[in-house]
Amino acid sequence: MRLIYFFFFMLITVGSFAQAKPRESLDPTVSEIWDLKPVKVTPAKNVGDAPSDAIIIFDGKNLNEWTSLDGTPARWEVKEGIFTVAKGTGDIKTKKTFGDIQLHIEWRAPTEIVGEGQGRGNSGIFLQERYELQVLDSYESVTYSNGQAGSIYKQSIPLVNATRKPGEWQTYDVIYTAPRFSENGRVVSQAKITVIHNGVLIQNDTQIWGPTEYKGLPVYQSHGKASLKLQDHGNPVSFRNIWIREL
Amino acid sequence: MRLIYFFFFMLITVGSFAQAKPRESLDPTVSEIWDLKPVKVTPAKNVGDAPSDAIIIFDGKNLNEWTSLDGTPARWEVKEGIFTVAKGTGDIKTKKTFGDIQLHIEWRAPTEIVGEGQGRGNSGIFLQERYELQVLDSYESVTYSNGQAGSIYKQSIPLVNATRKPGEWQTYDVIYTAPRFSENGRVVSQAKITVIHNGVLIQNDTQIWGPTEYKGLPVYQSHGKASLKLQDHGNPVSFRNIWIREL
Amino acid sequence: MRLIYFFFFMLITVGSFAQAKPRESLDPTVSEIWDLKPVKVTPAKNVGDAPSDAIIIFDGKNLNEWTSLDGTPARWEVKEGIFTVAKGTGDIKTKKTFGDIQLHIEWRAPTEIVGEGQGRGNSGIFLQERYELQVLDSYESVTYSNGQAGSIYKQSIPLVNATRKPGEWQTYDVIYTAPRFSENGRVVSQAKITVIHNGVLIQNDTQIWGPTEYKGLPVYQSHGKASLKLQDHGNPVSFRNIWIREL
Amino acid sequence: MRLIYFFFFMLITVGSFAQAKPRESLDPTVSEIWDLKPVKVTPAKNVGDAPSDAIIIFDGKNLNEWTSLDGTPARWEVKEGIFTVAKGTGDIKTKKTFGDIQLHIEWRAPTEIVGEGQGRGNSGIFLQERYELQVLDSYESVTYSNGQAGSIYKQSIPLVNATRKPGEWQTYDVIYTAPRFSENGRVVSQAKITVIHNGVLIQNDTQIWGPTEYKGLPVYQSHGKASLKLQDHGNPVSFRNIWIREL
């Protein structure tokens, strides 16, 4: 019996060396892939500006790419290459709809500090009209951590607080993966988001629990492509240089 | 029997409405998190420069943060705020070792085009000394797709080709998650990498198959924190503005 | 100028065909990996029983592998190969601590139905003492969806309701990945869980938001390996055939 | 100036305590979700058998759910509740096509050992006709590790070797997530697979690199729903009890 085991181990040993070639002798071209050529994209001269394949959502001149939620023209104020929430005119959203995207957006809380906590420099970027990346002047304001700038509102706290002072322009570079739903409407894979705030990673492949809710817990409901929505929270937050690359 | 079912459904119906409060009536403060405050990080004035919590791996003056692989001083050339591969002096690596990181690095292929394919402007950024993010002048050169700039070498093709011309500075913004190993040395979760090249997403949460191999397939082997390594492939590729944030 | 482009495209075309070998001509042995041999594990004769490398947490005879939370001996009732919550004796946890695991556990809600909603056949399996996979008689009872059997309590609703009748034995087959924390205590990757309930997938790579909370939202706090904990919720829920494989 | 800071810190401190309620005082019903009820599924009496919502791909009687690759009837041998590869009749695939699935399948390598390595008891389960979960008698045979039973063929080695002897029935319980492609055909998220072999976890949320290739590296190409395919590798491997749940 032990003899049999001995032979068995011999077999393994000999077999292994007999059949496996030493790595050095392998043909290196076998691990080359030639059949798929990535599309050429021309990056912007300055990082932060739109590359050649981006969809320009705001070009500094008008809100033609945007609409109010009821379908009427967007009524926020456009001036000197930026646009600003016009209090009481309501949220606005893009006419185009999106799934997985890379998003660049720049925003600025008002220089003059008015209000406290969630009432100061508050707006929001709703991915697919549902999942809010918070915009807030939380530079030195006091609010709950999952409600500060860069949070996934009422869900995920940013890794660090990389906010600039009110009145300074800030950037969000976002990689967003839309949720997937089964045919019966069940969420199969949750939405995911990575956010770089002013060059600093603040959300790292964060799973989104469901649509943003002010009260209670989020619950996914099936949807397809949807707009990018910006929130009118009553504060004159400004935006500029918004572009999207569809992934 | 049917009566029993009827009562059962009544129970469900009544039960549901009796116990669940309407969302509007919920206390919104319950979904606020106050107990965890993210650390404050001061972003750089210009996106791309190091934020306040970054480890500066190259400050433009010397290679004091680097060493040759054999432990002797790094011998690449430092001049005018950049450093350049000195052919034949070998790879260099950081003295500090890292796990999960955010990395910013800028590189430039030589203006004068010399060589073809993998022989033109070739270097490489090895995360944890093992996993290569390719550096190459593949702007208009011909090579295999999983060997062009921005590829995980011999593994993952970049989503698009966002390369600049030789002689122009290029940026990689990298989010890297180190692999995890079990106590018996088995890989439990593979390394993951997201790369933004000149502002364009080219690797989106890509799983790395194992250590980079020129020949044959990669196989993970257990390791801890490790250096960032740059490759001397014999071409005078330059680097500048390198910083790392530990995650 | 157009001529230049023409030559450029010729270069690409010729280059591609010149350098890439047709797939059929490649050496197939290059994509074979011989250097790493998985350890041999002998599966149980009956699926559901412990394979050869499992840690037996309950062998049907005693609670020697368990302790009360205060370190005193576990006082739940052991009888005829199963053990049962002894009301008022408190939660119990394993003496051994764990990180990433495969877990098999069988449980049974009392045959005699007593109570309603969360008061009927309630217990819970706390991974790493913090993250609760709910145990409940929710076969035909009315409760909130993220509190029914198979939910990650107050977080994730099971994909389907695969519960058996009270009095019948049920199985959970669990694949659990522990959260990872950075050196400063920040969560770097959240805990993940896959649960198969009586053979039916009910949690599919679900991210856990943080430690289970009865009130308010969960917030991660750094921890290392920890015990498996079972909850005394005052109902005589029974358990048997519990084993763990460390991953 | 210092006075201002003092007041600022007072504000933070007071603000924090003033606005955040202690966790104990929160309303626990806010984190209950009542609006979404998971569908009821009746599990099989014996784990391993099909639950009520499964699609039966083989009922033990005939191959009516299968076809040859050219569309003609499947010609493998059905006998005594199992079916067996009929050498030379070619691969077979399901008439139904699938995306994300839970799959249960049982297989048996021939009792009489014939051949060596990849020539012994070889078949394969191709998810979506492209991604092979290897079937092989590698119990005590010598082959490459990423080609043994339970490997993702020529890609991922199983975590452990949980194979039974030739002639014994073996189970694969599979959770499969199909790859997602962008509108331009680029892979956006790779396929993922978890495999439990005879009750033992052998693939844990493994990313699949692309379609299985015998020579060279895999490259994703866009596709939609597709069949489950079984391989005729010339060996009389048998199958039984195959069911699929669409996720």
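The chains carry the letters A, B, C and D, assigned in the order they are written, with residues numbered from 1 in each.
Just so it is clear, a contact is a pair of C-beta atoms (placed from the backbone, for glycine too) under 8 Å apart; a residue touches a chain by one contact, two chains touch by 3 or more.
Since we're looking at a predicted model, the values are computed, not measured.
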Each chain counted as touching subunit C and subunit D at once: A, B
Pair sharing more residue contacts (C-beta pairs) when A-B is set against B-C: A-B
Chain centre separation (subunit B, subunit C; CA means) in Å: 29
Centre-of-Cα separation between subunit B and subunit A, whole angstrom: 17
Junction residues of subunit C - those touching two or more other chains: 16, 19-20, 26-27, 30-36, 39, 144, 146, 154, 159, 186, 188, 204, 215-217, 247
Complex contacts: residues of subunit C adjacent to subunit B: 8, 11-12, 15-16, 19-20, 30-33, 35-36, 39, 100, 117, 140, 142, 144, 177, 180, 182-184, 186, 188-189, 215-217, 219, 246-247
Residues of subunit D that touch subunit C when the two form their complex: 23-24, 26-28, 31-44, 47-49, 51, 53, 102, 104, 144-148, 154, 157-162, 164, 171, 173, 175, 192, 194, 196-202, 204-205, 213-217, 245, 247
Touch list for subunit C against partner subunit A, complex: 16, 19-21, 26-27, 29-32, 34-35, 146, 154-155, 159, 186, 188, 190, 204, 207, 209, 217
